[in-house]
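First, the structure itself, so that you have it in front of you.
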Amino acid sequence: MDYTIKIGGEAGQGVDTIGAILSKIFTRAGYHVFSHPDYESRVRGGHNFLQIRLADRPVTASRDIVDILVALDRQSIIAHEKELSADGMVVYDSAALGEKVEKPAFLDVPFTDMAIKQGGSKIMANTVATGAVLGMLGMDLGIAREVIRGELKKKDEHVIKANLDLVVAGHESATRNCSRCAFALPPGGQRKLLIAGNEAIGLGAVLSGCKFYSAYPMTPSTGIFSFVAGKALEYGIVVEQAEDEIAAINMALGASFGGVRSMTASSGGGFALMVEGLSLAGMTETPIVIGLAQRPGPATGLPTRTEQGELLFALYAGHGEFPRVIFAPGTPEQAIHLTNKAFDLAEKYQIPALVLSDQYLADSSWSYETLNLEELRNTDYRLRGETFRNLQSYKRHALTASGISPLGIPGDGPHLVVTDSDEHDEEGHIVEDAEMRRAMVQKRLLKKMPLIKTEIEPPTVYGSDKPEVVLVGWGSTYGVLKEVVERLSARNAAMLHFSEIYPFPGTQKLDYLALLRGAKRTICVEQNAMGKFASLMRSETGYTFDANILKYDGRPFTVESLSGEIDAYLAGV
Amino acid sequence: MHTLQEYEGRTPAWCPGCGNFGIRKAFQQTMVELDLAPHQFTIVSGIGQAGKFPHYVRCNTFNGLHGRSLPVATGLKLANHAMPVFVFCGDGDCYGEGGNHLLNAMRRNVNLTLFVHDNQIYGLTKGQASPTSLEGTVSNTQPFGALSQPFNPMVLAVAMDCSFVARGYVGDIDHLKELMKEAINHQGFSLLDIFQPCVTFNKVNTYDWYKKRCYPVESTYDPSDRVEAFRRAMEFGERIPLGVLYRNQRPVFEEKVPVLREKPLVRQEPLFPRVDGMLEEFY
Amino acid sequence: MHTLQEYEGRTPAWCPGCGNFGIRKAFQQTMVELDLAPHQFTIVSGIGQAGKFPHYVRCNTFNGLHGRSLPVATGLKLANHAMPVFVFCGDGDCYGEGGNHLLNAMRRNVNLTLFVHDNQIYGLTKGQASPTSLEGTVSNTQPFGALSQPFNPMVLAVAMDCSFVARGYVGDIDHLKELMKEAINHQGFSLLDIFQPCVTFNKVNTYDWYKKRCYPVESTYDPSDRVEAFRRAMEFGERIPLGVLYRNQRPVFEEKVPVLREKPLVRQEPLFPRVDGMLEEFY
Amino acid sequence: MDYTIKIGGEAGQGVDTIGAILSKIFTRAGYHVFSHPDYESRVRGGHNFLQIRLADRPVTASRDIVDILVALDRQSIIAHEKELSADGMVVYDSAALGEKVEKPAFLDVPFTDMAIKQGGSKIMANTVATGAVLGMLGMDLGIAREVIRGELKKKDEHVIKANLDLVVAGHESATRNCSRCAFALPPGGQRKLLIAGNEAIGLGAVLSGCKFYSAYPMTPSTGIFSFVAGKALEYGIVVEQAEDEIAAINMALGASFGGVRSMTASSGGGFALMVEGLSLAGMTETPIVIGLAQRPGPATGLPTRTEQGELLFALYAGHGEFPRVIFAPGTPEQAIHLTNKAFDLAEKYQIPALVLSDQYLADSSWSYETLNLEELRNTDYRLRGETFRNLQSYKRHALTASGISPLGIPGDGPHLVVTDSDEHDEEGHIVEDAEMRRAMVQKRLLKKMPLIKTEIEPPTVYGSDKPEVVLVGWGSTYGVLKEVVERLSARNAAMLHFSEIYPFPGTQKLDYLALLRGAKRTICVEQNAMGKFASLMRSETGYTFDANILKYDGRPFTVESLSGEIDAYLAGV
């Protein structure tokens, strides 16, 4: 079983509410789900959709083929009717759309009318639509009732009741009228959880002891901000909306200097404003985690869409030379763990750590039976209380063999904690001399870098052991690459996926260069126009891919579109 | 009781005769009188001659970027609001590059004290006009003379309802020291603008220039009247008022943040939350 | 004479009922009445719902970054000061991200007209508090409610001696149009803050909320008295004044730039200087 | 003849005045000069020096060996006495220094005393020192008089007279007392001009029709600003000191949109703040020239010193993908021409063009007999006046075969000029659709890039045709590499110097890869800690250098120090 349900409509019509509730019902019922939204940079009107993949095995990407299209407006039909599968159905409300479609694949359910008849508001029409989809799928309403109750728990009982009635009404109408509905669900398995990339990064931060989060709203990073803000009271986190992104990063650095774990995030335009602060973190050796949720650029670009155009920007951002780590999780699960690792390494090495995501990862929801949170690395690397107080003497930037200097907390003991954006001596005071400069560059950069590199895990290999075709990717393309490799199994294919990107992984733990060299064809798949990862690969290892498949229209790869492109390439060579 | 020596930092790289020495002296005396040991407070500073200040005064120090000390200080104070945090900036630093942060620091009203070394010039970069430079100031980057109206920080601060607004002058160290104490003791965001002649690059706003014009506000002056304060703050010409020009009792930001009610963030435990149950909301 | 149709741009992507429609209407009428053809002026805008404005009004357009329209407009105006340049921004755009540029635009006094769509919220990014949001505004990024004091642009502008300071409201299009004309006709930097209800995200500052409070300043009000203007600008509560709150006749920046005296920069010739003799100073 | 004169003293003592006047006298007299200053980030005190190389053939770098040390303070003796050549002399004022040095290499000239005796101020002591150096060199005072008159032309006649007397007094004192002075100058050639890197960039801008320059002061870029400001009245340039670097770049973009050639410049920290605006230039296709004068970072770093740490930052700065050019002149002459080319290409392709320099190039002065200004490329690519007015229709971002759209001027005709930081259609209005996005990325980036690449000149080769040893460098190391190659002539060496760096030069015009592959040893020399150019080389061509010589202490390479390092490396392999 592998169905795709697409809900289309204008911004403000409730596409995402229907999507969220359906997804929750499916996962609660034990099915696997992958969903991704497609929305415009406007608040009302336009054309948005959300696509849910519902299956009895793990699914990690979207498909081009739609089984049930919930059309909240006419545009949804115009744009997506052609995507219907052979048995695919459109469910819509002819009265609301002002048009009755007399085709067998169209199921007319009077969403609005039913809602109003039941004494509900127009908005409750969406509950009817939800019920209708469940009816079409032949799913019973037990779990749906539970989910709806849960979602509305803050509402009045009569609102809850009305919604419960409406879901039944939609269900009944579809069951009764959709003779052509050939969908069949196997029994669901264990209940699943559903988590989106932004939630995962936020969760990773909270679980890593992030105590200070300052940011300025910017799509698609705002979801991290609001997740953390939602946990602020419970977990004792100060969240502050800064006046701009420059303030956001400088506040976070101030808080980190003060002794607490801090984070900020933005998308490309806001990150651009943080670049000077990033360099300040480098010079003052102040730990910080920075989320960069990419979207298509340059400049404002396509604010609500996806791209992977900023890998090298993230890598080289900041004036002067200093170490950093860059992680680009491919799944929400990786997002939790790599955000945690970012916090850990940021503090251990006193460096900035970047978590690079994009709108596709940020907004896509994945289902899991559970997530392993036991392996989180939570170590406090700061000198605190007694330990700090009892030191004979203290130099914030002491020259050490490892390059790591003791990280004290100002005010926490009799020792002064001094740091400076100018080149400084061990105590943190301004210097001009060449010798100290050399020593500090060695300490801050050259000694730390190899140590940090040992922390980096190799890329993930999935598929054949001795592949003839290797698909290479990084970040958010993990899910689609994985599914495409499965489809290509006849071709003896594998995926090589990089999520710990900088310091670039060595080949000691996994000789990925041997894997690549052993293959007949290597293809690097990226969501940008210039092949940023391919360029980094070449500069780091000298290796050049046989081909690059690049997409830069702001839309994610789907399983079909990517495997189509790969087939075409392989057929051509 | 601490001694002045305890606050002796590195040897200043300022020019002989620079007004910055007076600020240092007044500040060191202030610390002695307030009985704050060097490790008990932190100075956040920017870049410029003023920005070097904390290197010359023993203390915890975050000497950050040009124009960005206020956000750093805000983050630091929210991490540890039990610790006094002082900000030392130049006029270019704070009123030029950092203008947006100044506006928002006043709106937030975090309990910080901001000291601006106002020499009406960019000192460290060798003499360009700053926001407080008089109109017409010619420099290597102002070939037509500064064409913008000079920035009056006192007027702005009153307009922003800044919690404490004062001006001092290094020509009167005792008065300056008293202002410093008041500014630090004030609960809320305090701005103390300090006239500090740049003997090398500012040939107009000299010790003499200030001496001729500056006068302390009369003892009957009521700094709680915002409109009167506005009127007084506008005075900048033949006569320039020194002293506390405006003061209010707005609630302090950190007192409004629920999670800071019990203790400073940096003292809160556990450092890392327990994970059980954390996933439940996602099912 | 131009017709309203000539100013019909692309179809707005604003929510039905949004206050922005009123701003558009008033502006289009203003253009007709001022007899300015679409190609004769340029709108510079930022990012936000307000920033989309010029796409919906036919005109030359530079729709730049969030918060950065004032510098762009300044550069553009200095390149061609014969052309009217208007800036359309959101409250977040101009009073938040762009605060420093606002301060300096007021100091410079370039002959620009700034229209702020003040909906007291971040509209396009879905409802976070903006600088003008009332204290306590709860949103997905303000879990404790907005804790800073709301920004009062009128007070700031008076304090910065901004050349023209006015406030309008989309509930009274005619009044707004008259203010727009005055603002545009004023020589110098003009700020027109426009209350524009965000019907989707701002559930507090609604049409009703404004209607109850807003009143036009009485005809006897004298906008040339800065202290009085300050007093009036502070009024923001049960009653909120609309109209021209402050005005002065400060000299315009571009008139002070010697090289702009003869004609706009973009019309000056030759485009490329002759090279002979250029090296002599290096010998 | 190849003498090095080093003037040392505290900031504010007049080191640079003495240096500037001596240099001018030498070039006016027809000698070749290279000078570089070394100063601290303070206004008074500390230790500064300026080093002048004086020769009868072109010199392009500094040496480690000092022939005449003018010691204005004791620190100068402590720091630099050891650098003296066999016949080297120290000239100083024992009264001022409070110490009489009884060594044969020390010439005591009472600078201050003589100045005061002649009724002059203390500052005029520097004129005595100038005279003393000329006396030690055995140079007559004809040209010195002329130069001093020129420099003081705005002063009162009695001040001029006093200075002229003092230069004579210094000269006489040295001539009389320096029996050990063995310096001898051959007759000078044709008069030379003297120009520093910052002046050259500024001159290049003025000569390219730059009409608008907005910036915020930041060492070492301020010299460009003040050069242009100095020409503002004469050449009709609007210069404006912005409130910050963000405003600086946005103002410049506004002016450029308005129809005039515009520039801004900063060093790394200020450039960091311009990164969002850079991306805006990319999206709106607004021509702009940006100067980036590097200094050691991260953050404030060493504000008055030199580094080449920001090549990759400059290359990848900005969110999203857009074309740019990056030039890194190696000499003032190149600086003029590459700044001009930057203006030309910026407007021709409607892109940002970066001129990357550093403190060393910015502040070093080079002598030339003359400079060829006839080859400047000055073409107006904008649609103006009649041409624009007479168009039937106009679309600012029209899709064209070359990717270049017509660049109209708002207000200049009946057509609307519309641009947007969001993705837009041909007319410049916001779009969301995938197809237009693809078309715009192709137009803006993928079509233009190959065209821009054809404009790029290959690296400069100097030295042997078929070298065994190739020294590779970029930007400001040109001069020292050239001299080191001359020294290495026995080794059959060549220099390969890159000044047009991005788009990275192809091998069609010059097969530099063949040259490198043909050599036994290739060494990349950079002033940074990580080998930024070497990394770019690898990512662009796959080529890896045999060795990297890196220096990151903020001081430039000298001829001896670099050739020493190279000898050591070659001896070791």
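Each chain gets a letter, A, B, C and D, in the order it is written, and its residues are counted from 1.
Going forward, a contact is a pair of C-beta atoms (placed from the backbone, for glycine too) under 8 Å apart; a residue touches a chain by one contact, two chains touch by 3 or more.
Worth saying up front: this structure is predicted, and the values here are computed from it rather than measured.
> Look at the interfaces A-C and A-B and say which one is made up of more C-beta pairs in contact.
More C-beta contacts join the chains of A-B.
> Could you check which of A-B, A-C or B-D has the same interface as C-D, with more than half of the contact pairs identical by residue number?
A-B
> Could you put a whole-Å number on the gap between the CA centroids of chain B and chain D?
Each chain's C-alpha centroid was found; their separation is 37 Å.
> Measuring from the mean C-alpha position of chain B to the mean C-alpha position of chain C, what distance in angstrom results?
That gives a centre separation of 31 Å.
> Using mean CA coordinates as chain centres, what's the chain A-chain B distance in Å?
For chain A versus chain B, the centre distance works out to 41 Å.
> Please list all residues of chain C that touch 2 or more other chains.
Residue numbers touching two or more other chains: 13, 47, 64-65, 97, 99-100, 103-104, 131, 144, 257-258.
> Where in chain D do residues touch two or more of the other chains?
Residues 40-41, 46, 232-233, 243-244, 246, 269, 276, 280, 284, 299-300, 420-422, 430 of chain D each touch two or more of the other chains.
> If you look only at chain C, which of its residues touch chain D in the complex?
9-10, 13, 37-42, 44, 47, 52, 54-55, 58-65, 68, 70-80, 82-83, 100-101, 103-104, 257-260, 265-266, 268, 271-273, 275, 278-279, 282-283
> Which residues of chain B touch chain C once you look at their complex with the stated criterion?
Residues of chain B touching chain C: 97-100, 103-104, 107-109, 131, 144, 147-151, 155-156, 158-161, 226-227, 230-231, 234, 250, 253, 256-258.
> If we count contacts the way the header does, which residues on chain D are in touch with chain A in the complex?
These residues of chain D touch chain A: 40-41, 46, 246, 267-269, 271-273, 275-276, 278-280, 282-284, 294, 296-303, 305, 307, 309-310, 312-313, 315-322, 420-423, 430, 432, 434-435, 437-438, 441, 445-446, 528-530, 535-536, 538-539, 542, 544, 552-555.
> Could you please specify the touching residues of chain A with respect to chain C in the complex?
Residues of chain A touching chain C: 12, 40-46, 215-219, 222, 225-226, 229-230, 232-233, 239, 241, 243-244, 269, 299-300.
> Show me the residue ranges of chain A that touch chain B in the complex, using the header's touch definition.
Answer in residue numbers: 27-28, 191-195, 199, 203, 206-209, 211-212, 214, 232-233, 235-238, 240, 242-244, 246-248, 250-260, 262, 276-277, 280, 284, 370-371, 373-374, 376, 378, 380, 409-422, 428-430.
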